[in-house]
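Input: one structure, supplied below.
To keep things simple, chains are lettered A, B, C, D, E and F as they appear, and every chain counts its residues starting from 1.
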Amino acid sequence: MVEFSFLQPDRPAAFKDKFVTKVNECLTSYSDGARGEVGVLGLPLSKTSISLSQSSEAPNSIRACLSAFTTFSGKKDTDYKNIKVLDFGDVQVHPTDMEESIERIRISVREMLTRNACNRYILLGGDHGISYPSIRAFGEHYGKIGVIQWDAHHDVRNLEDGGRTNGTPFRSLMEGGHLKGDNLIQIGIRDFANAKVYHEYTKEKGVTIYTIDDIECTGIEPIIKKELDRLSNFVDIIYLSVDMDVVDQAFAPGCPAIGPGGITSRELLSSISAAASHQKVKAMDLVEIDPSKDFRDMTSRLAAAAMLRFMYTV
Amino acid sequence: MVEFSFLQPDRPAAFKDKFVTKVNECLTSYSDGARGEVGVLGLPLSKTSISLSQSSEAPNSIRACLSAFTTFSGKKDTDYKNIKVLDFGDVQVHPTDMEESIERIRISVREMLTRNACNRYILLGGDHGISYPSIRAFGEHYGKIGVIQWDAHHDVRNLEDGGRTNGTPFRSLMEGGHLKGDNLIQIGIRDFANAKVYHEYTKEKGVTIYTIDDIECTGIEPIIKKELDRLSNFVDIIYLSVDMDVVDQAFAPGCPAIGPGGITSRELLSSISAAASHQKVKAMDLVEIDPSKDFRDMTSRLAAAAMLRFMYTV
Amino acid sequence: MVEFSFLQPDRPAAFKDKFVTKVNECLTSYSDGARGEVGVLGLPLSKTSISLSQSSEAPNSIRACLSAFTTFSGKKDTDYKNIKVLDFGDVQVHPTDMEESIERIRISVREMLTRNACNRYILLGGDHGISYPSIRAFGEHYGKIGVIQWDAHHDVRNLEDGGRTNGTPFRSLMEGGHLKGDNLIQIGIRDFANAKVYHEYTKEKGVTIYTIDDIECTGIEPIIKKELDRLSNFVDIIYLSVDMDVVDQAFAPGCPAIGPGGITSRELLSSISAAASHQKVKAMDLVEIDPSKDFRDMTSRLAAAAMLRFMYTV
Amino acid sequence: MVEFSFLQPDRPAAFKDKFVTKVNECLTSYSDGARGEVGVLGLPLSKTSISLSQSSEAPNSIRACLSAFTTFSGKKDTDYKNIKVLDFGDVQVHPTDMEESIERIRISVREMLTRNACNRYILLGGDHGISYPSIRAFGEHYGKIGVIQWDAHHDVRNLEDGGRTNGTPFRSLMEGGHLKGDNLIQIGIRDFANAKVYHEYTKEKGVTIYTIDDIECTGIEPIIKKELDRLSNFVDIIYLSVDMDVVDQAFAPGCPAIGPGGITSRELLSSISAAASHQKVKAMDLVEIDPSKDFRDMTSRLAAAAMLRFMYTV
Amino acid sequence: MVEFSFLQPDRPAAFKDKFVTKVNECLTSYSDGARGEVGVLGLPLSKTSISLSQSSEAPNSIRACLSAFTTFSGKKDTDYKNIKVLDFGDVQVHPTDMEESIERIRISVREMLTRNACNRYILLGGDHGISYPSIRAFGEHYGKIGVIQWDAHHDVRNLEDGGRTNGTPFRSLMEGGHLKGDNLIQIGIRDFANAKVYHEYTKEKGVTIYTIDDIECTGIEPIIKKELDRLSNFVDIIYLSVDMDVVDQAFAPGCPAIGPGGITSRELLSSISAAASHQKVKAMDLVEIDPSKDFRDMTSRLAAAAMLRFMYTV
Amino acid sequence: MVEFSFLQPDRPAAFKDKFVTKVNECLTSYSDGARGEVGVLGLPLSKTSISLSQSSEAPNSIRACLSAFTTFSGKKDTDYKNIKVLDFGDVQVHPTDMEESIERIRISVREMLTRNACNRYILLGGDHGISYPSIRAFGEHYGKIGVIQWDAHHDVRNLEDGGRTNGTPFRSLMEGGHLKGDNLIQIGIRDFANAKVYHEYTKEKGVTIYTIDDIECTGIEPIIKKELDRLSNFVDIIYLSVDMDVVDQAFAPGCPAIGPGGITSRELLSSISAAASHQKVKAMDLVEIDPSKDFRDMTSRLAAAAMLRFMYTV
């Protein structure tokens, strides 16, 4: 093909500095037989949210924010531009059948895992409801699963009052036998954000709970490290489930259920770094970001920064 | 009445989880003879603000934010759903006569107090001008009064340059003999936010002043506790007056006079918790929130969270 | 009860001009045995929308806009303050089960109609999906039904590709035998807003179609009057179904599917006035307003103005 | 002074095309003895508005929009750059005393008129309350006054329910003997925007009323011309009072009381052109623009365009 | 490749109705040897704007809006889904060298034309400065060129005061001998939007000018048809240059230089339809849309609708 | 001149408390021979930004924010109202010639310095590109220069890929021999915000780098003090270059390149205080604030607060 001098018909005309690698340049669409370090899959389901949410837009907004970051860490003096990331695209959800959509997510995650294309995976929600089919699929593929959940809420609502919503994933997982309460750690639980009944339910199930006050006393990194050590004795893999509303509203203004008194973005990033370097940690989901409510994609930027801490560990 | 299957004509059709109690469900409109733990009264006056402000909308926006919080504290393992809160509604202010509006507020607060319906009260401004008639009414009813004021500003402007505005409440109170300077504590006063003349005025009056630097050195909780102990020897009741602009603009973006370098939302909440548990603390006002300037009601959410710390103390 | 001087605990403290009646003052919540001229019911369902929509918020935003209008028409020199409007509230939809929600709407509309409390009804959507259960319920109650539909789109999509969505109501109605194509008039259909297959489907079904060009040539009022005359020979009642996206985006910026080249707000209002005065017109729905996307509630204001043209006809 | 090459310390560094004169360049601050064709005075009072309004910001936003217009009319093939406009600045209103503010406006308008510096005047509100002291001052200076009022509302509310507000100017004027009802023409009065009592009051007073329907039937320019001819027989000068909410919300989205069904911006501009060319027309006020609610200053731009039609008539 | 059940890694997961063709589905990236009816090229240059503008974002926002339209016209009863549109992508402009960017545009347009891949072309600006290199390139390729320019402004500023900006394209073209003034028609020129000097310049050059008043008197379609007939006698091809600020600010709120008193969106669309059907019309540019200032992409939607009128003519 | 009672034609009608001095009242436009403590110059250039930026608006927005601060520091018990600040206005940049604009800035800064009117200077950007000509001019005037740069980025991009942009100032300075790498300190450099090649370039040049982690370990004030001591041995003057994106996005939401994990506003202010009190510190620039992207001018407010820390040191 005779080339054009100043354009390429099939790609955007963005400014390019020849010495800079942006993280988005390291993502390639998965194709048969491809291999990469990290797989990314979008789960754009949010009609399951109790309050109307556009967190289904987050997979796109988070991916777009990757272009705001380079692959180089000065701290580790390492350029991660050779870490290949495979993008599996987004699951096509059903417009009106929620249970069908949940099942499509489970099947799609499994189909991705059976390709054995990557060592680790990032799942981009959607609302927190996606963690039910996603974690279930990981369990089906890998065996016994442990979960560290960053969250202001327990997310163990009853299923009678509205079906499987973004308030129910961990009840669904525990009731369905896909996750033992003993293997679930909840980090960042907040006062006046949960009901007594659900608090007691999690305790009965053996869930380990760390509140904001615990984080303030002990520090979030020591907590993470201690729990990873403990958990790794009992499970085959560990899955990080990050509900962004664990972060204070000043730092993550785009979550549907924002509130004051959460952790800072620095606490989020350092704790994910701490967790991601553990051998058994195989997956992370990032949920509950509604780009239509955000300010300048701040919350998606924070999620993209969290992805980097997960992807670039060595 | 033959019931409808899926609607109730006189109430909103919000999703309801049968195990969750939201704080707004604990508010009932006051009616004759009712008794409750806490009384809430809206004081929607903001035409007295020097700069045009819609803080008159804050009583509604703060109340609306109560539905974002449950009644359960994990930290104290207590469900406060039985703490009854009586809502006295909002004072009807006059569209064009400011002095009349101020007097209506004083009379309405007194009328509320004379019902003896509650043990403690929350006043929702409005601008800081409402603290003059409100504190005066509390003094008239309870006797000698002490005030802890969270604020970036002294609020003791002269009255000649514009009458009673949101910049004058504590001068009005001290000049009128309703509050002794010795019994006023100002927390969070900021550099380059006040005039020398007014700084000297407060010092001459015997007001105790803590700046942001004092808070950084000593911690806000120890300051509060020390001053409560001291103050309680000299007064009959203590009134908390919370100008939300004491909080940094990142955490309270909806105040008319936002600025950098204030306290964090966590410092606000912990200091109110510390104060609210004192026996002599009978009232709190929350002022200077303009919902029309806020982002996602963040500042009203913070104010609602502050209400909870005040209401749920045991 | 000893009255307060300047407040009423159970009602908002809005300014009141003693000589002015606002339309919202004429609405009362339905209670058993009540009778009124017009009944209003909210149908806050929009998870059935193909694109994520918050049109479920519209019943509240439209009602709120009624307070911007008085009951007096200078043109007719009539004060309609005695026209009583009964508000039946909003149907409680299910968070995750769409078919259940659709059925709840049908049942609720029927339950409302069986009270025989009003002569005419206004249904506030929600997305256009609500017209299927609503029109079906009217047919079940009243008999043979004719529909005038203001819309840029045919809304006869196939049901396989996503179930019953906001794109399918008139197919559902015609396929289900609830509405004959001959008795459906579509007004304001736009170029490049529909598919050829669906255009042909409506024509095969005998639907009468008026495009924007027809409106420009003939005038919207003459069209409406002619069709009412014709239709009234074949049906028992006539139902107006108003998809606000028939209006140009400059005049109705809050519809999910805005676009240029639609009718003006004046054309909307005059055509509704023309239709509403016909004896057989018993109901109107107003759909596809997403308040979260609107500018200053312009589109809800226009819908409220449309309600007035429907309610105040004599 | 040794000049800087690329800056002038006392003026903004805006791009300048040497062949273009912007309207703002024709305004000079009034100083003693100055003479000009048109005088401009800002009346930034809006705390008198029933609903909280920032129309006090409009004098600045309208002036700023003058820089978006040149002085050249192709239609008349005339460059008006020699039409000198004197800017008298803004009246300093009182922060809390509304009656004082109203009196300050009256005094300031009179003081301006007694300078005899200009032939005609533009008054920039502020809310419609400013028309009372402004028209009164014009009457005191010039004698018998006639008023053409563009408005959706009569603005003759009673004074008991809230004092002198933006709803009362024409009652104040008529009750105070400053304006005869016979000499008041109201253009653009809308259905469902007024109360029956006030409609009857205006008719009893002899006010001439043109509704939107009248404008549609007759055309706004013929109405204006006819009324100017009639009015000019009875009065010494004519004052145009333009409440921007006469314009449809699509064209003037920044008015506090926006609504559908008003006149277009073209109708506004052509009718002001028609009026401004009349010899007895000496003044125009532009009121009820709240820049904080506007979109891209559209409404202020329209007001600035209206100023040009008033200033550039020959 | 073993397919996934519910996802395709290389494409977005949008809802698809099997019977609907969206216009964006008809665009394919140009590759060597491809042929299509219409070619589209993005010219994202706006640093040449006098006032800072993000109209460089418009090529993307307009393309995105194509997905809001189908390929079917009911008026013509034609489905245009077989009209193939080739997308040549966007020209890569230089970050700091404006003359280089202008030259890159000229070269790129020429390179596109020399492929002889399409019969007609759409150029997506950018600001109006792009019309200089674009029209020049068309002239170089096709011979004698005529231009119909929709615009509120003449765009013939002098080049000394700021180089080649968005205010100078037609001066650059005429001074450079690339366009004869006799072959330039300007439609929609507005009062108080131009300077006398430039008005005279265009008249001296023989440019034909139609003002808003002319459009109101004669109608925009008759004007277009008359001028096309006349122009086609003297030129080889005709180029339509559409500055969206010819449209009134209510209908095109996203132009950098919005203002009241322009044409309606309906007038824009019908006049482009009228022009596009002429044999000699080979190209259209759409300029001066700043998506960052728009409301809900209204102006880009209007531009996309204009593209359809240009593309689908038979 | 006979005075008006309530207005002054040549100045805004803002509320004035007779005891309060706002910082803006201390600025006077420079005129020949004037002397002041601090000089302020606006450098409104941002077309040199790689991504489109309106940081050219920041000189105005920052100046406007000065009116939100008083001259009194309670901490130092000092009123700085006698510190005279001379405003040199803004440099007129060229609309389309970037190199010309850069040269105009250099010349203008030099012209300002040669007046010897002030002891210290504040330069208001504009994007970071302005630091190249500004620092160069300071070096030309004062001799050997040291720079402390607050920044998330190194800003040493190559010049081939886009000319002198906001990504290149420190490369331009070092390559041009205007600044030795040994005399450049970079504070706040962030992971995943820079390229490996540029990181190595700065280290080779001898630049001292402090990352966020260094700040967390050591504290920002100690770092600043240590580096000032060291640097002052080698240079004649020290220039502070403050790219606001060093601050976390929660505290400085209006920077073009916002991101999580930066320093807090308190850290910024205290570090500038620490630096400003050093004898050799003669200048500070504040860059990369785009007011059109900010929320409530938060970032400009922070910049204004930084100015105060620089101006009021004793």
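As a convention for this text, contacts are C-beta pairs under 8 Å (C-beta built on N, C-alpha and C of every residue); 3 or more make two chains touch, one makes a residue touch a chain.
Please read these numbers as outputs of a predicted model, since none were measured by experiment.
J.: Identify the chains in contact with chain A as well as chain F, in label order.
T.: Shared contacts of chain A and chain F: B, E.
J.: Looking at CA centres, what chain is most distant from chain E?
T.: Greatest centre separation from chain E goes to chain B.
J.: Same or different interface residues for chain B and chain C, judged by whether over half of the residue numbers are used by both?
T.: Because over half of the interface numbers appear in both copies, chain C and chain B meet with the same residues.
J.: Working from the CA atoms, figure out how many degrees chain E turns to land on chain F, in steps of 5.
T.: Rotation angle between the two copies comes out at 180 degrees.
J.: Centre to centre, by mean C-alpha position, how many angstrom separate chain A and chain E?
T.: About 43 Å separates the centre of chain A from that of chain E.
J.: Based only on mean CA positions, could you tell me how far chain B sits from chain E in angstrom?
T.: Chain centres of chain B and chain E, defined by C-alpha means, are spaced 57 Å apart.
J.: On a C-alpha centroid basis, what's the spacing between chain A and chain C, in Å?
T.: 41
J.: Indicate the residues of chain F shared as contacts by at least two other chains.
T.: Chain F, residues with two or more chain partners: 15, 50, 95, 162, 250, 295.
J.: Considering only which chains touch which, label the overall pattern as line, ring, star, complete or other.
T.: Contact pattern: none of line, ring, star or complete.
J.: Once the touch criterion is applied, which pairs of chains come out as touching?
T.: Contact pairs between chains: A-B, A-C, A-E, A-F, B-C, B-D, B-F, C-D, C-E, D-E, D-F, E-F.
J.: What residues on chain D touch chain C, complex-wise?
T.: Spelled out, the residues of chain D in touch with chain C are 50-51, 157-158, 160-162, 167, 189-199, 209, 211, 213, 248-250, 253, 257-261, 293, 295.
J.: How about chain E: which of its residues touch chain C in the complex?
T.: 15-21, 23, 68-77, 79, 250-251, 265-266, 269, 295-296, 298, 301-302, 305, 308, 312
J.: Show me the residue ranges of chain E that touch chain F in the complex, using the header's touch definition.
T.: Checking each residue of chain E against chain F gives 46-48, 50, 52, 54, 56-57, 94-99, 162-165, 292.
J.: State the interface residues of chain E toward chain A in the complex, per the touch definition above.
T.: Residues 1-2, 4-13, 15, 29-32, 41-42, 44, 60, 86-93, 95, 104, 107-108, 111-112.
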